[in-house]
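As structure tokens, here come the structures.
You will see chain A twice below: alongside chain B first, and alongside chain C after that.
== the complex of A and B ==
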């Protein structure tokens, strides 16, 4: 065994990342800066090799197990930390490296480093693998969409809504707008939500790009191409998400920006829109009031995250989403 | 003096017209009354506070907490060798790349820290300085404004440092990586400029402030100085003082960050507060500190007085240096003489507008340090607009538009032919900015020094 491994070590230098075992090339690894990445199928087979490396080079750290998601800016992998056996999420930035570190990565890292909150994803570290920047974060196996596929007690749902609002208030109070709140960016573990993906977030400034947030959760002022929006766009997304939790399906499923606007205008018409709609009839009055305040077309009338956590719906511990009759 | 009127009468219709917000929606954050529409701090129900919409911030979240987070004590790292050249270089390149002045301050902050910790090979220094500027842009500019390495290289080598074009993209990338690692990814920072802006957004002038008579009327036998309270003046006279403060802070901050002794040996919070105090003094107010500022920041006048006098010496120094090298009757001086004639117009701020990057909520395009350069091409537009302002004083509440030459309604001003002789002179004075970038920055600063100087003479 020992002689084989020495042979491999030697070959690593020669062929940069191609391991040869018994004169037969069997596995391709990405190998860079002393870190090994490989597919899950072969993970077991090469375990010994990797652990040997660990003893030789201390910073062989993460092994990718599988791809778990893909966003606009990056691909997310489930990976294992070979030192602690801990399962982590690795976010690889897709953007080419021609222009140095992509600005979305730069912002995500420097913003995440400021945010230390139980309901916000924790950035463990950032590393460079195969010349690509990777973020190492805690791993959660379910996002909100998957979570809602199963039945959950109402107090869990209410707790999730409240914790999401707390986290968003925490973000906003640090002058940061998330700009991409959607169920896929809210992970759930043990009925506690965690907000992820700060790739689009940025520190508030009076002039911003309108093309942010996934279409279904995009606020009307963004759909109208407004360049000077504020924290209220996150509150609109939250309104959509909270109603999605209650209805168990997305609220507005537009196919284009125009279609999305049309759906919004069709549903929200006048101050009493929720009373005319039968699907809201079973909801608690306080919950409806919260939704109504979040889903205001006019961003200046929408409540802020701070007002939302003080809303009577959360003060009254017997108020749940549905009327219990 | 004891006017116990309710707020609503206080902030009259006239106030609304001149200052753009009547502070009707208020909220108490951390025991302080804040206008949620514009973020002004209303300390005492008996005094009016002034600021223009230029300094508008929506106060959805406790702005006092934001301020406290920003006003963390501390000294920057430094000083470093060749710092003046680096700053000059950053300003030049950022102007060409259309980046805001806030980004320049951030980049200066990065290089101060980096060069203080790492010894950089001498022929590579400007590689690192230009990369720091790119990093600062990546950290806070809109994505479409972030320069590509190729563009950065092209524009950076158009300065006195053509050697930058020799570096490869890979060199830039490794410089960037080294910078990021050295700063541990902490790229979002509060610079001196951010601190001053945060303070100004709470409103730093109120009607309890006083000013000396002779500064107002140029009275020849003003041996015994008469104090006037701002509350005795008309709203658009007060606007003049408010604008004076809100338009000069970038220049003052630039002067301070260039001065190693002052910048590196004074606590950043104290420095920002002293800047505000200095700006008040420069605008003509007699009391550099007020109850309003005292209760906003919890800092008393005695804590800042020494650094205020340091700022005064600093700006006086740069002024005397400039007057030796320049003739007395420069066009900018002429311009200032004209506007100090008894008419109560308030355009003292125009010539420095191109330095101002503070943008407004309703603005469609971000105004930046570099934008103004592009706007040089549109100079007739700018002029006719200023004309409209001089000709029609009732429009003064609109004059914050002065700094936004970009919106489409600019063209409406083109039709107003109210040009005066004085204005023609002003136009010719404004044309001293050449269309290319070469010596422009220098000219600009000379102008700044002139202004600083002429005001300073009054204090001596």
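== the complex of A and C ==
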């Protein structure tokens, strides 16, 4: 019986109101919530009440604070760990009656369990409550798009690019393709990037579905409906992301697959495409070389993440993204 | 140590031969192999311990179950990876939990269900799996057992399977195709 209580008692705090459990309900194992409207002054008192209940029921672990995001798979909440006072992110998957645990959740958990790296999100635990699967992960408040809205020092940007490449190299060396790299899936805290959302990623195998990655960051071979791609698709997305960091706006903003292909074709034309475009004139030569190697249309010519971290752009301390002159 | 270094060099050179074919993912091959080898040890099972835990299950029953799973996976045209993953999940679950005779097949089906979700492009339906057991078990039972297995294994699902190592050794020192298929038959 204990284990049931452990999972059933979630106390929810929302922006304007608080849901708490009454004493009787706790003993009845009935889980209806009484709603108390409050302003921020008495929120503290109510928090005390909640902590009192928490001490009564040591099994309560997380308080939901706020909804952060929503996707096809489920909902993400910001929550607080009662025991350590730590802020965490809860990712909720709905378990369907027909198919049990969704395969994206299965893949995400089993993959995250294998990846232990400072620049990859940590899975703290996973719990099943009421036919809903919750993943508990570290909480970060900014993603890369929001981060780029403010001005940042160049060496921070370079550091972020390097750390992302390191993380991707780590993922690839574990035989895993991420398949959904985009700025929204890279969070930043104290200028350190963290890769999240392994819902689409999977262990490498020869036959795969082409409909992955967000359209703007999708590699050309995927746009052409290729079924046997490899790690290179992640490198293409990385190329787009790195250029986005430098240009401060998305590179290809296609509305459909054909449009996306056209945009890519228009920009990347011949070997010296970056010289013809005035946008790229301010960039350092080494940086342009790196981008050129990442954004190769032919996936076999694209450099791998291993070669990318050994690229001279990162070896040379004084090579920055922009030309200083 | 020097020999190790030379060996590594040698293997890397071989990997480079395949660098034009992306499917062999040659750049990472060495890293992947080392990593998989290192985690394989933690998943190794001992036969003695295995049946010691299971009062009701005999070696013969496991054989029958696995033969049945192979039949099913051939019928659904599943990948070989899925098959090996199923068997590995099944064994790891049985190693920790005593299983009674009448639900042995249920455990097998649920393991197949999990493996197909992980490996296949189009996952199997619980409905179909219930049908394939001659309606011995309902799909609710399969889904429930699935969550039991997941909890027991604590979601540690991706295990290195023998298929990967065979393909890798085939790349390093190519046998002719006849021998290669014979090896596949053996495992």
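Going forward, the second predicted complex is superposed on the first by the 269 of 325 C-alpha atoms of A that agree within 3 Å, B and C clash if a C-alpha of one lies under 4 Å from a C-alpha of the other, contacts with A are read in each partner's own complex, and residues count from 1 in each chain.
Just so we're on the same page, a contact is a pair of C-beta atoms (placed from the backbone, for glycine too) under 8 Å apart; a residue touches a chain by one contact, two chains touch by 3 or more.
Here the structure is a predicted model, which means the values were calculated and not measured.
Overlay on chain A: chain B and chain C clash in the combined arrangement. In the superposition on chain A, contact is made by A:299 with chain C only, not with chain B.
Of the two partner chains placed by superposition, chain B and chain C are both touched by A:231. In the superposed pair of complexes, A:209 makes contact with chain B and with chain C alike. When the shared chain is aligned, no partner comes close enough to touch A:239: not chain B, not chain C.
Using the contact criterion defined above for the overlaid structures, shared-chain residue A:113 touches chain B and also reaches chain C.
Once the two complexes are overlaid on the shared chain, A:99 sits against chain B and chain C alike. In summary, superposing the two complexes on chain A brings one listed stretch of chain B into steric overlap with chain C, and the stretch in question is 23-31; the others among 5-13, 23-31 or 329-337 show no clashing C-alpha atoms.
The contact surfaces that chain B and chain C form on chain A in the two complexes overlap at residues 97-101, 103, 106-107, 109-111, 113-114, 126, 172-175, 202-203, 205-209, 228, 230-231, 304, 306. Of all residues in chain C, those touching chain A in their complex are 20, 22-23, 25, 27-28, 31-32, 35-36, 39, 79, 81, 113-114, 117-119, 121, 123, 125-127, 139-140, 142-143, 146-147, 150-151, 155-158. Contact residues of chain A toward chain C in the complex are 95, 97-101, 103, 106-107, 109-111, 113-114, 126, 128, 172-175, 202-209, 228-232, 299-300, 304, 306-307.
Partner chain B is touched in their complex by these residues of chain A: 97-101, 103-104, 106-107, 109-111, 113-114, 126, 172-175, 202-203, 205-209, 227-228, 230-231, 304, 306. The part of chain B that touches chain A in the complex is made up of residues 58, 60-62, 65-66, 69, 131, 134-135, 137-140, 142-144, 146, 148-149, 169, 172-173, 176-177, 180, 185-188, 359-366.
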